[in-house]
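Same chain, two partners: subunit A is paired with subunit B first, then with subunit C.
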Partner chain A sequence: MREKVILETQNLSKQFGGFVAVEKVNYKLFEGETAGIIGPNGAGKSTFFNLLTGLFPPTEGKILFFNQDITSTQAEHRVELGLVRTFQLVSVFDSLSVIDNLILAVTRFSPIFTNKFRFFFRDAHIKNITERAKEALNRVGLADKSHILTSELSYGDKRKLEIAMALALNPKVLLLDEPFAGLSDVEIKELLNLLHKVKKSLTLIIIEHKISRIVDLVTRLSVMHEGRIIAEGNPKDVLCNETVRRVYWGGESCSVDGITDSSDRRRRP
Partner chain B sequence: MIDTIAYGLTIGGILYIISIGLSLTFGTMRIVNFAHALVYTVGAYVLVASLSLFNGHFIAASVVAVLAVIPLAYLIERYVIRRLYGESIDYAIIATYAVLLIGVDAIKWIWGAIPIPLSDPVGKAWNILGVELPLYRIIIIALSICVFFILELFFKYTIVGKIVVAGLEDKEAVRSLGIKVDRYFSLVFVIGSCLAALGGVLYAPITTVHPYMGFQVLLLCFAVVLVGGLGSMRGTFLSAFALGMVMAVTGRFWGPAAETMVFVVMAIVLIFKPIEV
Partner chain C sequence: MRNNFLEIVRKVDILFIGCAFLLLAPVLTVQRTNDFIIFCIFVLAYNLLYGFMGRLSFGHMLYFGVGAYASALTAEHLSANPFAAIAVALVAGAGTGILLGPITVRTTGACFALINLAFNQVGYFLALIALAKWTGGEDGMAAFFDNIWIFDLGNRYVVFGFSLLCLLLVVYIMKRLTSSSFGILLRTIKENETRAKFLGYNTFRYKLAAFVISTTLSAFAGALSIINYTYVTPSFIDTTRNVEVIFASLIGGSASIYGSLVGGISYMIISNYLPKYIQRWEMFLGVALLLLVFRFRSGLWGYISETVEKYALKGARE
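Our next item is the complex of A and B:
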């Protein structure tokens, strides 16, 4: 299960002016696993994702995806290769209807995209695309809301829509940037159920700062701190790792709840 | 009264046709494009040149003028605008203003600096409630409304349109769907430029064709775009007609204040509705 590395970074770094956001990260992702990355705000997690997905170039280092060097590959092309992400602040298109959001995601991979003439006219009504879009909506339970304007969805539904769009892109690796942020407890539970289903068919990386939410979901956990990965491994071992406790939480307990609490305490003024 | 309204709507229609490209370029690429005024001027000059070629056939000459700016727009987009992505907004202003200045000098070199008057291509007039209105102006008003609805349909019912609408909201999110959004922005840029040329063509018979005609209209169009909301297509439509009416009505009472009044209105709007950049 664990042998095949599908995504790897070598000495990956990113500087913004004098600020080092990501520093010499050597990360490996194995096929089929569900990896978690935790760390407080500002630890460099999102920057790391932005580097992986090509939203901006690294200052230094390399990214390999299925042994192919994608360090300077355009963001759009990485999606085509199967590296798909969601954003910390949910990024769906408010001025389009729910189904249109999905159509944008689905069209990319339909033959119509290459057919110039149909591409311009009324392709939204072509059966195949709409059906695939509906199927994707079904998967997240939004089928009955397909024709309302996206701006009218609740934040939780928007998050579901974003994940439906990401799944519709047929990713090999899906990167979720704090997918639980801003959701209610009920919505978090729904999303967890969805992710438990999804993780069977693809490789996932999830960024989170509340560890308790993902500890049962992930098979491997990495801890980021000041741009570096300071610990990695089985979630429960990582939480009890001495460096993590000392450098990161300063906590005594290594139970999941204990760490959630202390990390929350840290964030209070 | 009726002729004032008709004049306001005519100016509004032309301002709309020119401004839409400016607004879209700002909305999609976050670039303030002064070179838009050059494309507008070139449109008018190509019209003049092709009118003599087609023995005064206005429609044929207009089509040529609108299509002729495509390569120019492509070059401006490819070699100036695209290099300014993500740069600070003042670089874009300086670079596109430079393009405008170079272009205007090129026009003077090719066609000379003497204003060229054009005659009304339709020549007929309609009698509405006892007022003689040139048919040409009514055609302009109708045409601008057509452009509005065609664009509405384009953005609502085509995939390209939807991609651009999504890109106006969040460019990075569109890229994250694997869509090469810049390509669609370029297309929008070219469409906007063709419309600017159409504006130049339509306005030419009403004023005169001269190398600096772009400067005059550019500031008015910026006012339209700012009042309408940057990147808002419907807002641009409404504000173009509103400011066109402001010009017409002010001009009726005191000619010299017509254009100034547009900026007074713009200032008032900006005080109550600050722009979000």
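Our next item is the complex of A and C:
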């Protein structure tokens, strides 16, 4: 039962000087799936995300989104098409209140954005918008913190806020770059619960360093190593793939429990 | 309780600002208060870029000067109607912004500051030498306006009233602009432009809009100062005078409308009265700047509002 391909890369490469960060990646994302990308640090996962979302252009190759070539499309336009991301280092606006962070996201796809007079001159906090912003905050459990300054939030709450902002943009595909990094165990559990809920209604790609966290969440797993995707498929199968075990865990056990700790081992290409 | 009081003050702030300037007039003389008002408009225009969008310009006198020369030239060649002169100045200011904006707003930080300075130097040179035939070069030029209806521009009270109305209008526009979604977007551009892009906003377009609004309002201030002084000299476009508006922004606290006004007035008081007592008064400005940088990062207004908020919080708890 293969569904529709909604995001596809063809021979996607990125070079920084002499260093090849992403090398000829052919990746397909199917509608409705929750895809995971794992790999050691420096494997090119984040660079791959940055290429997909348009932070910088690829050196070579193509990106297709709903069969439309978006290789040279501006980042903000990709958001408009439904490709939304979060950042590895949580990225929210510290100088604004929590609700203002969301108001901007909610406004982007509301009639106010198209009515320039309202966008420029009408108070941003109109009822309809703030209600939707609060709803979005409620979804991630930050409703009671809506009026405090974002810089006063804990790192975990900022992460939730960032995800709320991303969800408020009504994405078709949501790309999460190491969403669990820096969170406490409790926060990770909360976030996992949220993602289990969210994944029912949209397509997700999650980059993760620690595989044990996402193995139950994702429906398909890809492993990146030195800029290439070296294995792909059902998470359990991928973990038992011999090449993967060799480069990633040094070839010990292939059970999820067994790799929890050793996956922490850091490798540089 | 206290917060409610602040809310109410905020709602009638335009009235309050109007009264403040009316009270200043008898203390400082009408002529001087008029200077203050025009300078405050310039500071507000400047702070849309610096305070709200985080782009520090070293060349904003260009846009002020464009407005000044445009209105003076209009008076001489086109029409002696002061409103026509203001209209032409606004168009000239906006035009300069539209022309230079696509180049300047691509840059940030030092590059933005210096690229504006470079354009300002070009403008200064044009006014002083290249176009001296029209601008009068170093001597400048006089501008005579007709009296229209009740606007007898020979009467300094009328000029004062008119400038004050203009300031209140600019404050109103700025209030709307900064509390709108656009205002929030400008603040996000200041903090992290890349992130703003990933919320789906074409930041270039909004930076350009802010730039053009800023240059237009600066030109407006320039035109008003011509109506006030009835002459223009190259000092109206002189790059070195940028320091004034930067200082005013720092003193008042830049990311706020009230801060801009407090800064504008404070700077004008310092620069108008201090020289009477201390000949090299600029040294005092240097010391003041040091104090601001180390002690009052958010300016006078920032300091005041933070203190008030602290007490309001304390009061609410008790």
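What we mean here is this: the second predicted complex is superposed on the first by the 262 of 269 C-alpha atoms of A that agree within 3 Å, B and C clash if a C-alpha of one lies under 4 Å from a C-alpha of the other, contacts with A are read in each partner's own complex, and residues count from 1 in each chain.
Definition applied: contacts are C-beta pairs under 8 Å (C-beta built on N, C-alpha and C of every residue); 3 or more make two chains touch, one makes a residue touch a chain.
Keep in mind that what you see is a predicted model, and the values were worked out from it rather than measured.
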Is the arrangement of subunit B and subunit C around the shared subunit A a clash or a fit after superposition?
clash
After the superposition on A, what does A:V198 contact: first (subunit B), second (subunit C), both or neither?
neither
Examine A:M224 and indicate which partner it touches, taking first as subunit B and second as subunit C; both and neither are also allowed.
neither
Looking at A:V238 after the superposition, I want to know if it touches subunit B, subunit C, both of them or none. Which is it: first, second, both, neither?
neither
Per the contact definition in the header, classify A:L174: touching subunit B only (first), subunit C only (second), both, or neither.
neither
So, does A:V22 touch the first partner subunit B, the second partner subunit C, both, or neither?
neither
First (subunit B), second (subunit C), both or neither touched by A:D94:
both
Footprint overlap on subunit A, where subunit B in one structure and subunit C in the other make contact
53, 55, 74-77, 79-80, 84-85, 87, 91-96, 100, 103-105, 107-109, 112, 119-124, 165, 169
Mind listing the subunit A positions that touch subunit C in their complex?
53, 55, 74-77, 79-80, 84-85, 87, 91-96, 100, 103-105, 107-109, 112-113, 118-125, 165, 169
Residues on subunit B engaged by subunit A in the complex (per definition of touch)
157-160, 162-163, 165-166, 168-170, 172-181
Enumerate the contact residues on subunit A facing subunit B in the complex.
53, 55, 74-77, 79-80, 84-85, 87, 91-96, 100-101, 103-105, 107-109, 112, 119-124, 165, 169
In the complex, subunit C residues that touch subunit A:
176-177, 179-185, 187-188, 190-192, 194-203, 209
